[in-house]
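Each structure below is given as structure tokens.
In the two assemblies presented below, subunit A is common to both, partnered first by subunit B and then by subunit C.
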Partner chain A sequence: MAEASTELLTTADGRPLKEALAIAQSRAKRRAFLLVLPLLLFVLLTFLIPIGYMLKRSVEHDGFARSAPALVEWFEANPGFDYANPPEEAYAALVKDLTFMQTEKLTGLSGTRINYTVPGTISLFKAGARAAKDLQAPYKEALLAVDAEWARPALWRGMEAASSKFTTEFYKVGTDNKLGDNGWERGGDKDRIYLYLFFKTFLVSGIITVICLLLAFPVAHLLAVLPMSRSSLLMILVLLPFWTSLLVRTTSWIALLQEQGILNDLLVWLGVVGDDNRIAAMYNMTGTIVAMTHVLLPFMILPLYSVMRVIPPSYARAARSLGATSWTTFRRVYLPQTLPGIAAGSLLVFILAVGYYITPALVGGADGQLISNLISFHMTKSNWSLAAALAAMLLAAILLLYWLYDRLIGIDRLKLG
Partner chain B sequence: MKKLLVLTTALTSLAFAANADVTVMSWGGAYGEAQTEAHVKPWAAATGNAAVMVDSDNPAPALKAMVEAGNVTVDVASVEYADAVRLCDEGVLEPIDPATVKPGADGTAAVDDFFPGAITECGVATDIWANVFAYDTTKFPEGPKTVADFFDLTKFPGKRGLRKGAKAVLELALLGDGVAPADVYATLGTPEGVDRAFAKLDTIKSEVVWWEAGAQAPQLLADGEVAMTTAYNGRIFGAAVGEGKPFQIVWDGQIYESELYVVPKGAPNKDLAMDFISYATSTEGLRAQASNISYGAPRKSSNIEPIIYKDGKTDMAPHSPTNPANMANSLLTSSDFWVDHDAELNERFQAWLSQ
Partner chain C sequence: MTSQNDAFVAFEHVQKSYDGVSLVVKDLNLSIGKGEFLTMLGPSGSGKTTCLMMLAGFETATHGEIRLDGKPINQVPPHKRGIGMVFQNYALFPHMTVGENLAFPLEVRGMGKDERETKVKRALDMVQMGNFINRRPAQLSGGQQQRIALARALVFDPKLVLMDEPLGALDKQLREHMQFEIKHLHETLGITVVYVTHDQGEALTMSDRVAVFNDGRIQQLAPPADLYERPENSFVAQFIGENNKLPGVIEELTGDKALVRLATGELIDATAVNAKEKGGKTLVSIRPERVEFKAEMMPEGAHMIDAEVREIIYMGDILRVVLRVAGADGFVMKMRNTLGQTRLDPGQKIKVGWHPQDARALDPM
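This part shows the complex of A and B:
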């Protein structure tokens, strides 16, 4: 220690070397940081902030909380009141709030918020707010005379839950639960849809990933082993659909596969199927899988190709010369080396397939509906919170898969190109 | 007096002309084109302001997003009736002073001249469009006549095209099941009524091809994929009159609703937007739109003289949802009902689809 401090290394101009080095390094670091700053800002602005905002949306909605100050106060003071028979003070607070909503034009906002969990309440709020300023005590009888619906226990439960800005209700709705008169319960057989669609979305994406892999593997291998001149021609064939508009490709599949389409016409002309017995390959799950597989195939071929191209052919030759059969060579030598490409392609295709939206909407028919179609429905119908909750559940599922993938295969083995 | 008015309008518009650039957002396609030709271009020419049309798949969610983000770039938008009511309730739209809506060309006050409900708190109707069903005349020489025929697979065999969604489909099912138009929403408001609608749909479920985009319906019909399909009447008109396809609309059981011009809160040129709406919803403005596309003009004074299509020979009356002969058995979409039940019934609809 003592020697080190006495024989301090210095630069030519007499500064301590350590210090000079630190300054030089920090300058380089700053420059490096400045270089990636645009990307960081871009990711922050277009990715992290919107996703954070969306996640916040899924647990936050102040539409009712800020429209009904009197009720919020009353709910806070009277936790666990009798939902089946709220007292007069509760109705008095409600009428006061309805009057407030009418003057402040908040009826639609608060009604919409309650409507998310108790359907049919927007018009109830509108009619109630219009009548509120003329109502006299006792408010309970007066309001129930306007509409007896105001006595529904489910409505009072909904209002109590909505009186807080933060809520988990959207996740409850998104997992097929309904707010009934006795609290949250599992939805009836005729109404359950979201969990089923989540399951179906993952199943369909899995099927598409497997089909993509089976189709892409030989193509990528061929691309990798062909001489450059011929492989680039083949590569163009792979990339050509990649450069074509998604909608054009989807509608082309419709023209090809529909019942009066080219494929069926051809089969009928050849006499393979009868004219009244045409194959239904469009507007159902088959159509969805065919069209989505085609759209996503390049995402599997490209990572596979980039991995296969650098596998030295001498390994396989060595295996063969040591007496391995061709199957063993493939299984023990070639396949393990393509694993990073398989993993990357599968992950890419699967994640893209899970969020796919246009193709299932156009060619899916009755059973081709996936969860993204319902997310889109709620976005356009202004229930952004439910859409956000569904999207957050989808995101969580993907992150879980990603974590599993990291545990099983290792993310450092991922190779995209 | 009139001269003075024209002069002052011209002067004020000149004063604004320097930086005004009114942006109108509509649905694109034939509809957006009709509004561009009938309203945007003539208004810009008449007032000296610049005006542009931008397209959207559905302007309503776009408006909501803009207002919530506090970055409104649109001055006027064309939205569906239910959306106009809902967005108005949510405080996304500017209220429109009914006094700015011009009286009819014959001097009738606007409130009396417009069809009931066509002037709302935040919007003024531009046209009335309908969900109808249509068939290919070469497939059925003796074609379907009533809404019940749509569900009659023995008399009219073949696939059916239906829009994938609860709205207008459930109503059609009840109308097809013999429910009177006046009772449709009361029936649909009860669990038994909803069951009844789905039971009716069950009878044709195996034969249905579901469509999603408006352009798909005439395409399905043209490809022979379906024997008959529901569609927006303007799309069938476009294919039949515009492209000469042998399509016939069945007006029995039509479900109509109106489309409105609205102004989002915080529109950059609010006053000019109001002036644009006033111009576009005048007797002549609505006639001009109705001569470009087969949607009905929602004020009486626009319908006195026959409206001729832009091809110069086709009388629009038989093709318009508001033609009395076409309205014999018709249903006005209840925006109140759908504002309340859209999410709930759509969940049920999706669950039914996947069963």
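This part shows the complex of A and C:
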């Protein structure tokens, strides 16, 4: 027997066994691959390519590099020039490029690029480009006569950085840094909008996750222990929100909670609050939290339910028979076994909440906006690169969270339903 | 046998209904003595688990009273009853190690760490699982989990331990071994055990007394030997062990001796058990190993009837002879496979008989 295994095994018709096996398997593999191909293409087209494109946009912008060839060349030849006092040749190149931009209609594009890091430059570029073709040497005085802003060191720093196609500047802006005359610096208090909003988004998502968990736990438990007929009815109630338009649900909350809404009317009628100080529960953070909790609740209930359903009642009975009170039984035996569900539900709700856009946009007012609303704002303003950088930061944060989850709980224990 | 008053566990007129329409347990009266090993045996759905759950406190009796050590426990919550319980699926907490599982009942009783450790160790040694203290239940085999479940039910020194088909998931060999161990623990610890099983062999080998359940009632409550040899009704006779049934009518009744005329006209001897009137229908039950076919083995004057050999099944230690008796196939006789044993052949005509006390005239079902 031992010698048989060392010599080459062949099939009945004399072909080597390995080869025959490979042929047989490759056919099966090809068939399997063809079956998943449509899905693969779909995922590629709708998911990987857009995300890849977004990540690329967040580090790439050739608006200035393309429009200012002379300056690009000059910056390359003169690294580390004096930003506070650029020489005449630099101004000559700038004027040449401004003329080029005017004829090629690239002013807006390059101005927008510089505007990311040095706000207020679009109009400066437009005016400069219009005047450029009439300017005579010495160009420095001539251009400064058009607008003294052209001497700002920050502007020269910005232009030098923008002369390369690839940049990390959008991330610097996205983390509240500012390009000043002396280089990049932390923004002042009033400029710290992005990090603050990130923080606020995570905080609000955390609050929503906790509220969802507290509300979902008893519901999921009830679903798991009720007899089939009644639990399916309850399940329909849980799923009902999925079958209703998000817009309808959100506007219902507006109708309920706004200052002239049903809840306030009721409270005023009951005399709990006065007519002149109605509770403001809409168009602020409260509104965002209430409406988003409602929207995301099923995403907490379902993973919890799927975990609770398979916990046999004999565990609780065993604990009780061993002398544990019902509270101890819950805390020591039931709760630990629901942890995978809690973790899965919390992860899901938190990630969904962090990226939620529509509900805060509708009911958040000024105070209830989250980071995704700001991303959307930059997209509408065509600040694609900044929007992409902010979105990439959000993505990174979520991946970090996912990694943490995997480390602490194990992704294979994730149960979503 | 214990009387109702000094019983350790007593069910009195207990009834149970889950749906308010039908009774799952009908008028249960049962008293279990201290240190007794009582088994509830019965077909699926006969209400055994329900009785156990009522005793453990997970179901409430619809009617009647359950007493533990003289005190009514209907209102006592499960965790205050101090009853150890072993479940069919073991119910070991999957997120705790073996040691933590065993320490759990001690912890909730507020026992100190040192005492806990000694007790856990002692309980594990008792089931020969001392080396497994840091394993998780998922890392144990079925038999090992079973031992841990047993140790956990015993670690807090309960006076009463309930076991609901604890060996149901084990293979035959392991089951027999565990039966022995459970019995041994019962004897050394002096605990009272209420044991539920489907398996009559298990019930007969382990118990002091067996309560045979059917249809929510105890059909017979007796020590194993009585149950096998003196079944009180057809259900018990049929449920426990193998059994030949001959339907007939009581022809003569003198004391507890009955003469039964079978449908085909033959007369046989039997002991009247619960067929008490002359002319009444009855079902005579005879164990296969008590059937004789040699006239010299029969007592004086006992009846023998004609039989035709249909089939002989060789089973090693015994030979199963399937006969046609009184116009019906399927009458079984067991012959010891000894050296000088008479050889029978299919088609052979013989006569069979039995001692009158081995044939029991029971209710006609």
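Throughout what follows, the second predicted complex is superposed on the first by the 410 of 417 C-alpha atoms of A that agree within 3 Å, B and C clash if a C-alpha of one lies under 4 Å from a C-alpha of the other, contacts with A are read in each partner's own complex, and residues count from 1 in each chain.
One rule holds in what follows: a contact is a pair of C-beta atoms (placed from the backbone, for glycine too) under 8 Å apart; a residue touches a chain by one contact, two chains touch by 3 or more.
All figures in this text were calculated on a predicted structure; none of them were measured in a lab.
Superposition model on subunit A: subunit B and subunit C are shown accommodated side by side without a clash. In the superposed pair of complexes, A:29 makes contact with neither subunit B nor subunit C.
Note on subunit A: of its two partners subunit C and subunit B, the one contacting more of its residues is B. In the superposed model, A:260 makes contact with subunit B only, not with subunit C.
Contacts of A:381 after superposition on the shared chain: subunit B is touched, whereas subunit C is not. The superposition places the C-alpha centres of subunit B and subunit C at an angle of 130 degrees about the C-alpha centre of subunit A, rounded in steps of 10. In the superposition on chain A, A:314 contacts subunit C only, with no contact to subunit B. Contacts of A:332 after superposition on the shared chain: subunit C is touched, whereas subunit B is not.
Of the two partner chains placed around the shared chain by superposition, neither subunit B nor subunit C is touched by A:15.
Least inter-chain distance for subunit B and subunit C in the combined superposition, rounded to the nearest angstrom, is 45, based on C-alpha atoms. No residue of subunit A touches both subunit B in one complex and subunit C in the other. Of all residues in subunit A, only 312, 314-315, 317-326, 328, 332-333, 336-337, 339 touch subunit C in the complex they form.
Subunit C contributes residues 56-58, 77-85, 87, 89, 91-95, 104-105, 108-109, 152-153, 156 to its touches with subunit A in the complex. The touching residues of subunit A, when paired with subunit B in their complex, are 105-109, 111-112, 115-116, 119-123, 126, 190-193, 196-197, 200, 258-261, 283, 361-362, 365-367, 369, 374, 377-383, 386. If you check the complex, the residues on subunit B that touch subunit A are 58, 60-61, 64, 86, 88-91, 159, 164, 205, 208-210, 212-213, 216, 223-225, 336, 339-344, 346-348, 350-354.
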